[in-house]
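Chain lettering (A, B, C and D) follows the sequence in which the chains are written, and residue indices restart at 1 in each chain.
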Amino acid sequence: MKVLLVGDIVGKTGRRMLKEALPRLREEYAIDMVVANGENAAGGNGITHEIMDDLLGSGVDVLTSGNHIFDKKEVFDFLDDVPALLRPLNLPPGTPGHGYVVTATNDIPVAVINVAGRAFMPFQYDDPLQGLDHVLSSLPSEVKVILVDFHAETTSEKIALGWYLDGRVSALVGTHTHVQTADERILPKGTAYITDLGMTGPCDSVIGVKSELVIQKMRTQMPVRFETATGPGQFGGLVVDVDPTNGKALSLHRIFYRE
Amino acid sequence: MKVLLVGDIVGKTGRRMLKEALPRLREEYAIDMVVANGENAAGGNGITHEIMDDLLGSGVDVLTSGNHIFDKKEVFDFLDDVPALLRPLNLPPGTPGHGYVVTATNDIPVAVINVAGRAFMPFQYDDPLQGLDHVLSSLPSEVKVILVDFHAETTSEKIALGWYLDGRVSALVGTHTHVQTADERILPKGTAYITDLGMTGPCDSVIGVKSELVIQKMRTQMPVRFETATGPGQFGGLVVDVDPTNGKALSLHRIFYRE
Amino acid sequence: MKVLLVGDIVGKTGRRMLKEALPRLREEYAIDMVVANGENAAGGNGITHEIMDDLLGSGVDVLTSGNHIFDKKEVFDFLDDVPALLRPLNLPPGTPGHGYVVTATNDIPVAVINVAGRAFMPFQYDDPLQGLDHVLSSLPSEVKVILVDFHAETTSEKIALGWYLDGRVSALVGTHTHVQTADERILPKGTAYITDLGMTGPCDSVIGVKSELVIQKMRTQMPVRFETATGPGQFGGLVVDVDPTNGKALSLHRIFYRE
Amino acid sequence: MKVLLVGDIVGKTGRRMLKEALPRLREEYAIDMVVANGENAAGGNGITHEIMDDLLGSGVDVLTSGNHIFDKKEVFDFLDDVPALLRPLNLPPGTPGHGYVVTATNDIPVAVINVAGRAFMPFQYDDPLQGLDHVLSSLPSEVKVILVDFHAETTSEKIALGWYLDGRVSALVGTHTHVQTADERILPKGTAYITDLGMTGPCDSVIGVKSELVIQKMRTQMPVRFETATGPGQFGGLVVDVDPTNGKALSLHRIFYRE
């Protein structure tokens, strides 16, 4: 089965890019399932019910997220009730929402897990290794296709998790840095890996924010109110072909383009 | 003129990959000049005189570096005397060595500047913007070709510096994360940009270190002595074609491959 | 001469505590001059013109600050014009306001310098050592009494600066952690030192913020909007007796009490 | 019962100061039990079996620790077997050693818990709140006297944990910053609290390290090999009188002096 994984969708431009890309990519790559990170979908910070509906209605099967998931307060009203919108797994017991979901595409069960890193992150997440070990050991044995969005800052934490999970999941894809990396590969035991899918959002920006505001903050070291950039967009994602009988990645194809 | 910029060379594998690649790439792309980051050239940490000679003798014109430049103590014996080995510019006055160099290739003057970022770095560097403004304003006006290695952790700091320098330098290339990014582009005013050139070193590793040791540290949260990985290598670099009359980037070509 | 140095004044409770304390302490210790950190004076974040006037009118001679100085936007309207309100010295050239001031008390010239640390701070400050060396070397030789507020997070950075400045300034007092330390001393060459003056503000709080909100954030790792606590207050300060003829500290007395 | 809690013992000077202080303080305050942090007891980094024996033989009943506990490799040989030497509780399952111990003094059961913070720490600890909740709920009901060493960097994390545990433990004392704070108090529900006990070690130093080396690192931003300072010492601790019938703190007395 062919899975398309999409990096952090940022604001209006990101949603537009996603909606333009999906029908085309679906046809071109015979995509069976789409997983996209929606933590910045609502104006750069968080996600609303309306935007979630829009994205799920556009063909996204599962939305993952990260440190921005709780930015829009209304998310607390529906996070528990929408299995298709994930928050990081490694939050304390009692946290609203779900860190993983088991869904099915063409009768093939698929688990999607969303987990956050600990190095240089704005929140203190629980150990991602313990969390993943626990979920992986609790999945029904018929779930062979397992997709992990690891929302983390450093390359070393992400690559190490790739090696840690090699052969245990179908794909481990990084998000959060908003820049796509060129290191996609299938690890020796069959796990598709990329350090970061990159942002789907406004390309003339600093990871989605108006460049002049980020430069102003760097130059002055004074508080600056960030605004999401407009203008032309970019799309970042990865297509992984997974063998549904054993969950191994068969091939992968990285996608990155600007308008 | 064609410049090849190479990311952090890690250990023996990195040096082997570099030396194998240079003659081939030089021919294939008609390279005029090579700049490579050597901060991890000596077994993963720092650089020795012997290794510096080996790299410069293999066709590297200028070696840049970063936070690891002072790891091998012998570097203090020669850093002042070797203009072709740079350390980050934005260190306090009195620091041994040089943060930039003006050299020439085929009678075309070329400035290479090495500067370090401040977000999440293991040392406290001075402001890179002030440092760069100062150097750029002091360069002779006949120096049109200017290449900057920005050794930094976060995507946002690197991209913001790209926009800050757009039109003022020929290329700004990131190093330090050891993972090549897929976002190379020529910015609107003519500066070639990539967030990270990626590592030239052992590809079955965590940014150069044996994977099992990094995983052990993540799993146990106990001190682990890191060792540089062996095995097959990878090469990461960027070829930029610069117009020597005005210093603008004309085209660029990203190079990444594994053995 | 007797100088009273007061730690971060937090909100309404902090201002009340300060105003109640000053007349009493002034009499008890024969205080000649008062320096207080006002970065949290306006509801916990920043300072307004009205609050600045209130504090200066209550007997504070010089207000220092820190990372919160620019939180209230109106500060940009007057920071350049009020020499008695300092912002950290080690900000880029062109930053509004002043990092130090030379004033006089009973015809004794006194320099007050405000400088920020670099370890674990929310902004990237320039090198405090270079900044201080520069200011100290530029002060007129008749300025013997020199007081430094070092706004920094870690004990090591603060203590190291104490040793660095020993004999060159009359007092180096830390601020920013909002907890008074018990390590006040006169260093061997005559500099009065304390790692942190502590907060003057609501004592039943977490460094000024309502405890339940900070606990909520720790427990949930979700964004929580912080509010300044109310209730009983505390006062934190240090009285230093300085020999005006040579600027050496003669004695010091730490003050900390809760209502 | 009277408990003496002692902050990080640093090197030879720290051990000397402790051994000189214990008999005197034991007599002066009628101490029933001594808990001391030994993470820096062996030359500044870690602890050896010999030094552990020396400290336990000198009258320390329980040794706590922190991020340096695994610095001396020999600790792995005995950490599992010595209930009186604790490592942080909130490490992954399978970590050698124990995060808490239930002992008895004069037939009064006493629990000592060692837990580490997460803000700005050199390792990634699990959630201290979950860890503490779990241990506290598992202690036998006859254990009323509960002492917690919270090894953490920031004042806010420590104070927040104080409020979180108020009424549930007899004392929460901070360690790790090596500077004693002056904020000791009994919280409203009966928990004795101090943000940091401070270092027991060489007082003319930067948190135990030779000052000139720390300054050198700050000035140069180059790697410097740290060495533990020698010279006169300081002692930092807190005496808490706990009601053994209900575990509430009755009074407390902070101790800090230099040679």
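Here is the rule we go by: a contact is a pair of C-beta atoms (placed from the backbone, for glycine too) under 8 Å apart; a residue touches a chain by one contact, two chains touch by 3 or more.
The UniProt protein names, listed by chain, are A, B, C, D = Metallophosphoesterase.
The structure presented is a predicted model; accordingly, all values stated were derived computationally and were not measured.
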- Item | Contacts common to chain A (Metallophosphoesterase) and chain D (Metallophosphoesterase) (chain labels) | B, C
- Message: Comparing the two chain pairs, does B-C have more C-beta contacts than B-D, or is it the other way round?
- Response: B-D
- Just how far, in Å, is the C-alpha centre of chain D (Metallophosphoesterase) from the one of chain C (Metallophosphoesterase)? 30
- Between chain D (Metallophosphoesterase) and chain B (Metallophosphoesterase), distance of the C-alpha-averaged centres to the nearest whole Å: 44
- If you average the CA atoms of chain B (Metallophosphoesterase) and of chain C (Metallophosphoesterase), how far apart do the two points sit, in angstrom? 41
- Task: Note the residues in chain C (Metallophosphoesterase) that touch 2 or more other chains, in rising order.
- Result: 92, 124, 129, 218-219
- Item | Topology of the chain contact graph, where touching chains are joined (line, ring, star, complete, other) | complete
- Provide the residue numbers of chain B (Metallophosphoesterase) that touch chain C (Metallophosphoesterase) in the complex, in ascending order. 92-93, 118-119, 124, 126-127, 129-130
- Task: Can you check the complex and tell me which residues of chain C (Metallophosphoesterase) touch chain D (Metallophosphoesterase)?
- Result: 120, 129, 153-157, 159-161, 163-164, 177-183, 185, 188, 195-196, 198, 204, 206-207, 209, 211-212, 214-215, 218-219, 254, 256, 258
- Item | In the complex with chain B (Metallophosphoesterase), residue positions of chain D (Metallophosphoesterase) that touch it | 70-71, 91-92, 94-95, 123-125, 218-223
